[in-house]
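Shared chain: chain A. Partners: chain B in the first complex, chain C in the second.
Presenting the complex of A and B:
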């Protein structure tokens, strides 16, 4: 019996957003799917801020709002540039976001992933937890034909293996399908969950019902390293965290824990967390190398989706939606080939990449392909000098101290010229504009 | 031979949280695990299966989600899983639980053969009573062997089992007639890792699910809250006993260091010295 049954139409490695999206889509279309997860249960290894972007999930499970554990829908986005004692903010809040089908929510991944995985099982996929894929099984031509796990026994076979194994991509690496992830292409983020009564959160952030606020911050909080801080409101808790590029951390400016402590103690953040109780601490890697860091995505019998494919838009703090979208499209590609009875080789699976090109995933990553390099080359300027200059300028401008406005204006312009020179300023503006277009 | 292992799904106490506002235990989102003590019982059953070719049934009473724990038991190598679930069982204390489980065990006996051995863990980590195992044994009139550290021999033909039992005064070697209920002590074995074939089979397996009437329970007043004379009057968090740790500094040989530690302890708790002296004298007399 075992001999026959150890063959599936597809094997999905990993049970994060991309793996779940892929396994769900495949199973829903009637393919026999085996999903293998190394964690104790689906989601046990997963960490995220976390924001859920509705659109990507809606395309997979349209009715998710009725069942998925969601915390608050986001009605306000705050973008902060911070120096050591202040922040300059751009806030956007809109009643329009109280729509019938809100476009993003804060979520707690532990609960959300449990739900998503239950949907995968419901759709008919076989989910195997506490099992680590140790290597891909290849035939004589190098074509991937199955996986071997850390459990005793025979390999499991499938014409296609979807690698949704997350940022580290160890299986792909060990099997020689991809290089080791470069420290310049990956951020290390740490976060804490702070519990606060519902009413306190709502009063503190001016919220009603399930409305939520998102704060994204950059500036001296990362001590000249490329990175950002964040604060999200959940139903009865606040997620607060900070992350920087790993190669920057390696230079030893500060540890992630130190950055988080300082961020929480910042006069703009501390009052928001006052009286809260820390209940969880988590850390995770985020692939932030962008378009240029995307590894080979398909080959004979294999496809890469989600973080394993570097599908994160670091500029917009989007990742899980790219993960779900790539997972879904990989699955749709496989379903189409399966129906036509075509082989799943490097040539036919290229269809996945073509389909991705047509979506926001590749379009956005392409648009920002210059950003990671630009930030890395100018990190002390963008994450130190400018936030300081903005804050000083604001303070000069808003402080009423008997100095006339013309003099203030001059002082502000001088402060910018002194620290960046006119050429530097124009150069920065040009470089940003070029990287942004 | 047929062996039944009773397992319980419990919240992972390492990850449990107390709600900071209401001070109640937050069960939502807390991962559940198989009661760790039950794993020693299950592994011991699987070892008997390896040795004697027994078939192993895992039995669990709990909410429908407890099927996850049963599936895990299958992954380890159990042959069959039975979930006993009914809303009438909610709020069961040890009396009601052992009643429901013994009814299920009787039904298991009818369907799959009377078990020669029923295993349970020493106790659960959420209830800590250690009463359910013995409760089942007395209801089903099984010989009971509690706190067992080792199964020494199983003679099926003679219907006899020999075990080691850890007692306060030492290790007892006990033999009794089958059928028997064994509560297994912790750290007596190490749970195996199921093979890939077992894991796949477990993922596919149907969990046999029975409710109260399926196992022949007619009198529902014996079940759940109504059948439970135990009343939880109050739940509270213990106040922390925070005593500052003392650093004892000592130089010299190991003996000198040991003496310094003992002296410091006696100085702090004079009663300890008297007790130890009295005990030592008692042993020598």
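Presenting the complex of A and C:
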């Protein structure tokens, strides 16, 4: 390591979607880039559901479909409200998603990130794996001028450090660039990889070729905590998982593994997984605090991108696209400043934030800024009472038992009024509408 | 109790995973204490890898070999400071095959 150059145009900490997007964009534009990743290879520490949204990657590598390891393109989205024995579903399936350039894919992050990292190297960046950044190096004025790692005693310098270190990013937090993440702003998700022959998956989900299905579920599966379950079809495996807000978990009684087991055993899920072989168990935090939890994003010599900046749209289960977009835009900002020979300080780097404001990233996070608070204040209602009421209503409506339909209608309306009162129902509708708009 | 009979064994789940353990250099340590805080105690239930346990004398201990590196314990105990948390040395720790 001693012979390695110790000064670069930019240093990127982390090789997930945001770090790879940043490093690729910088290197492609001819800047000298050092990217540092603590995993054995890029992807070996990274966990996601995982859905890849094409648009964000197309803006970086337009021809990615020709070579990236993609699992299935998503043609059907199922949204489920679940109680203990049932689900009420809204499914959207369309032949339009069988298009030449599909909109979304399921991916396996360990493999996808490895591919993305190879593109970063091809573009000319120096990627240093198996290396953990231990601290930022600052000058006397507090300006970030480089990093120190666990590999090499001497610091490595750059006029700007892009922190793509993920949700649990220690470097930025320990250097005081952003506050410690709050247990209320982050979800803990656990996930298993269930392997099945591809024909079995295709038969169970009514799929042909590389078509795929994703299921997002909420309800009593999270036992009154704010959270969701998911099931994604990959080529020869199914990713199944569940996550809840950490502060809810801390106050509750369930263990994450118990929740996952109960979700897998649910009569709506169990037949989909039957006979599968489990090959991995993973856990990861997801930043879900939304707009209000976004920390300071720029300062003298530093920029924050991806999960480290809380860039997740929890309502739409989007994260990797926000990560790639913030990584790309941070890099484009740095490239522009570099070409003009301008300093990378808190004032000039604000341009990154201005550019983000103009994209879906900030617009969507702003739109849903009230949602995390709304869910937290109403979690037993939204994740318990309503899913139960929907299920009971469906059961009453669809079970044929000699009771006339008018009586059934009355019973359904009464169940809602008894549980929430008319005032409560109107209040819930109002609160949801206000947080949504 | 039926709950115990049906409780999933986290250790069995961890057997599926690949790890490169940095022997003798645990990346998580619990600071010495007499009585654990409610937050630290909660980790015995909350840790998705089941790394935390209560000793006979009532302290909470951690065995981080099966750690999934999620960081939940660091965030839950951030105010009490009872957990000293670092990422494993570069290259060590959990190695996700699929992620």
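FYI, the second predicted complex is superposed on the first by the 432 of 437 C-alpha atoms of A that agree within 3 Å, B and C clash if a C-alpha of one lies under 4 Å from a C-alpha of the other, contacts with A are read in each partner's own complex, and residues count from 1 in each chain.
Quick note on the criterion: a contact is a pair of C-beta atoms (placed from the backbone, for glycine too) under 8 Å apart; a residue touches a chain by one contact, two chains touch by 3 or more.
A quick note: this is a predicted structure, and the numbers were derived from the prediction, not measured.
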>> What does the overlay on chain A give for chain B and chain C, a clash or a fit?
In response: fit
>> Going by the contact rule set out at the top, does A:425 touch chain B (first), chain C (second), both, or neither?
In response: neither
> Does the superposition put A:149 against chain B (first), chain C (second), both, or neither?
Replying inline: both
> Does chain A have more residues touched by chain B or by chain C?
Replying inline: C
>> Tell me the contact category for A:47 with respect to chain B and chain C: first, second, both or neither.
In response: second
>> Touch test for A:79: chain B only (first), chain C only (second), both, or neither?
In response: neither
> In the superposed arrangement, does A:110 touch chain B (first), chain C (second), both or neither?
Replying inline: both
> When the two structures are overlaid on chain A, which partner does A:394 contact: first (chain B), second (chain C), both, or neither?
Replying inline: neither
>> For A:343 in the superposed arrangement: first (chain B), second (chain C), both or neither?
In response: neither
> With the two structures laid over each other on chain A, which partner does A:197 touch: chain B (first), chain C (second), both, or neither?
Replying inline: first
> Of the two partner chains, chain B (first) and chain C (second), which one does A:279 touch, if any: first, second, both, or neither?
Replying inline: both
> Could you state the shortest Cα distance, in Å, between chain B and chain C after the structures are superposed?
Replying inline: 5
> Taking the contacts chain A makes with chain B in one complex and with chain C in the other, which residues are shared?
Replying inline: 40, 44, 108, 110-111, 130-131, 149, 151, 279
> Where on chain A does chain C make contact in their complex?
Replying inline: 38-40, 43-48, 50, 108-111, 113, 129-132, 149-151, 167-168, 170, 180-183, 186, 188, 190, 192-193, 237, 246, 249-250, 253-258, 260-261, 278-285
> Mind pulling up the chain B residues that touch chain A in the complex?
Replying inline: 17, 19-21, 28-29, 31, 68, 75, 193-197, 199-201, 203-204
> Inside the complex, what are the residues of chain C that reach chain A?
Replying inline: 6-8, 10, 13-14, 16-17, 20, 39, 42, 45-46, 48-50, 68-72, 74-76, 78, 85-91, 93-99
>> Taking the touch rule as given, give the residues of chain A at its contact with chain B in the complex, in rising order.
In response: 2, 5-6, 34, 40-41, 44, 108, 110-111, 126-128, 130-131, 149, 151-154, 156, 195, 197, 277, 279
